[in-house]
Amino acid sequence: MSPERLTAFSDGVIAVIITIMVLEIKVPGEEAGDTFKALVPMIPKFIAYLISFIYVGIYWNNHHHLFKLVRRINGSSLWANLILLFFLSLIPVTTAWSGEHYMSKAPVMLYGIVLMCCGIAYRYLVVTLTKCVKDNELLSEGIGDDFKGIISVVIYLMGIIAAMFYPPLGIVAYAAVALMWIIPDRRLETKIAHHKDE
Amino acid sequence: MSPERLTAFSDGVIAVIITIMVLEIKVPGEEAGDTFKALVPMIPKFIAYLISFIYVGIYWNNHHHLFKLVRRINGSSLWANLILLFFLSLIPVTTAWSGEHYMSKAPVMLYGIVLMCCGIAYRYLVVTLTKCVKDNELLSEGIGDDFKGIISVVIYLMGIIAAMFYPPLGIVAYAAVALMWIIPDRRLETKIAHHKDE
Amino acid sequence: MSPERLTAFSDGVIAVIITIMVLEIKVPGEEAGDTFKALVPMIPKFIAYLISFIYVGIYWNNHHHLFKLVRRINGSSLWANLILLFFLSLIPVTTAWSGEHYMSKAPVMLYGIVLMCCGIAYRYLVVTLTKCVKDNELLSEGIGDDFKGIISVVIYLMGIIAAMFYPPLGIVAYAAVALMWIIPDRRLETKIAHHKDE
Amino acid sequence: MSPERLTAFSDGVIAVIITIMVLEIKVPGEEAGDTFKALVPMIPKFIAYLISFIYVGIYWNNHHHLFKLVRRINGSSLWANLILLFFLSLIPVTTAWSGEHYMSKAPVMLYGIVLMCCGIAYRYLVVTLTKCVKDNELLSEGIGDDFKGIISVVIYLMGIIAAMFYPPLGIVAYAAVALMWIIPDRRLETKIAHHKDE
């Protein structure tokens, strides 16, 4: 099977996820008034929205780069992709909770656990696509040993543990992983470029 | 007519359905606090979300496999597809209700009725595509007598009746059907593979 | 310009409209309980959802048939299409209001006004596509004099006026128009079939 | 990389943004009643929805025209596009706030700031596509010096300053920019037409 509909469906789900997050940012109520001061309590929520928008954006970017090198998919990769979408769909609600309670350990740890699950699910998707499906040799070469993916999970774990003692440290760790990934996977981009030249 | 726009539209609707379900999982309120304990009352809702995510995922997967073998559609198949999407769109609200009241017979029975309607609507779509439209002979051969579809409706019915006496039994029945379908339709996959080889 | 992205965007907007309508059907609250009786007050809302689902489905179907015969679009047709999407986007909220107050004239009349605006906007889109753009001669022949479109507007008007005296009469009129359109535009289907045979 | 998936994803996000805005228009509550009078307090919200629908429609239109001339994208243009989508996603909530408080300076100024950020982000996307990516010479010629883009930012700034003294003046300024852009970019349309003729 070719991956056109899988990418179209994933685009749809990710587009809805990235957009419904903004529904969490509510208009200040009547009692809060209509001044710039009314916006001050919304700042942590806004920052949480910004971080999660970047995260979902990163996943969309990497998903986009990944499937540029995928020629065929099978039933297992459809499910691996759905598992990734499932964990991505949990980002909005955990974002909203830790945006409201960024000084509390439970919300910040839960946010880190969901981000780590996303990372593992993405890795599982890559493994499924490279190991179980023929015709994706190009991808296997492009991905290599996935040093960045392993490092991310380690930093997530460190962030989750750090959040047990001082929650904002966890958020710093998650932001560090985001920064590391903002640069799209150069290995794949190089591979795609080489492939097109041949 | 070729089915490209039908599949694109269905992907869009299913993507929105699968993602808005997560909106039912609300951030714990201020009074519930910011500890892991605040998450405990959300566990049944989360499990209901998980089951429904799997169900909608199964329908997307089977829809995906089905249309791999469809060459032409007509006006009747457009409507048969809309009927399926209508019943799928009722899954989020019935999920939320039975997630809150998993020990009560009305929500669990209603959930089963909606799932059964989805199953029947899917079967009706398949019949419409195979019987009323030419050029889909490949599909007719691939589908066969649809033993799995008939069994599903029987188990749904048993689950709905069982829920009248002990509601969680119904949920076990629905989960059993989901498990049976997680494996995508091998008959179609084999057919697609053969078709590509020729 | 070719219409691929216009149809993709329209599919997206219509998919979101048709799915967010179901968000209006809320789970019965804690005080309403968990019995089938709790569902009784939701019946008018459910019927309103069903009618609007059918209406949006009809528009998607006709839009689908229409663009099968469109070869080129221009700036004006992009805007004509956006105007149609704007009025379609008002269907969910007017549906919800007349679902709650089906015995009151204001909600039922407003619902009819929005449906009539959708009908006029659709007609305007068709006129823009046939009159202002070259290469769509096939469409002009396929559409003909649009008897059904004119009749619909007349019935909408009659329904709006009837709703001033006895609101449910309005709903009957709108349902009659829906029934008339459930059958997709045979003229276009015939035209498409002929075109493919040549 | 070719831009197909980027445009598909952008269409999805913009389709969700344009449709969730209407969720802000709530059905009048039980106490407001079921008469046409109940709609009067909703008029400013409706006008705000209309203006924002037009704005998002303009961005979709221009995005559509822009990518007609784009042959290749790179990692930077993926991010430039995400930045634009981020600011567009803030339009619904700032619309809702200034729709409720159109006589207050904070909401109207914030609305202008978000619109200005959208304008700058769009300009940044265009620059990224023309300067950093080869194969888009056609686009560079088509865009020219972007007089309209610069004028827009100047009018936004004037509107934001005017809103400090008399808020409705700001809304007039934003509406003026919208009017200026309703006509899609003729320069690009001409360029596309020429390109097709060759």
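First chain written, first letter: the chains are A, B, C and D, and each begins at residue 1.
The working rule: a residue touches a chain if its C-beta (ideal position, glycine included) is under 8 Å from a C-beta of that chain, and two chains touch if they have at least 3 such contacts.
The shown structure was predicted, so the numbers you read here are calculated from the model rather than taken from an experiment.
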Set of chains adjacent to subunit B and to subunit D: A, C
Self-contact between copies subunit B and subunit C, residue sets same or different by half: different
Taking each chain's C-alpha mean as its centre, the one farthest from subunit D: B
Subunit A-subunit B separation of Cα centroids, rounded to whole Å: 26
Averaged-CA centre spacing for the pair subunit C and subunit B, given as whole angstrom: 26
Where subunit B touches two or more other chains, by residue: 8, 12, 15-16, 20, 23
Parts of subunit C lying in touch with subunit B, wherever the complex brings them together: 7-8, 11-12, 14-16, 18-20, 22-23, 25-28, 34-36, 38-39, 50, 53, 57, 60-61, 64, 67-68, 182-184, 189, 192
Contact footprint of subunit B on subunit A as seen in their complex: 1, 5-6, 8-9, 12-13, 15-17, 20, 23-24, 74-75, 78-79, 82, 85-86, 89-90, 92-93, 96-97, 100-101, 104, 106-107, 110
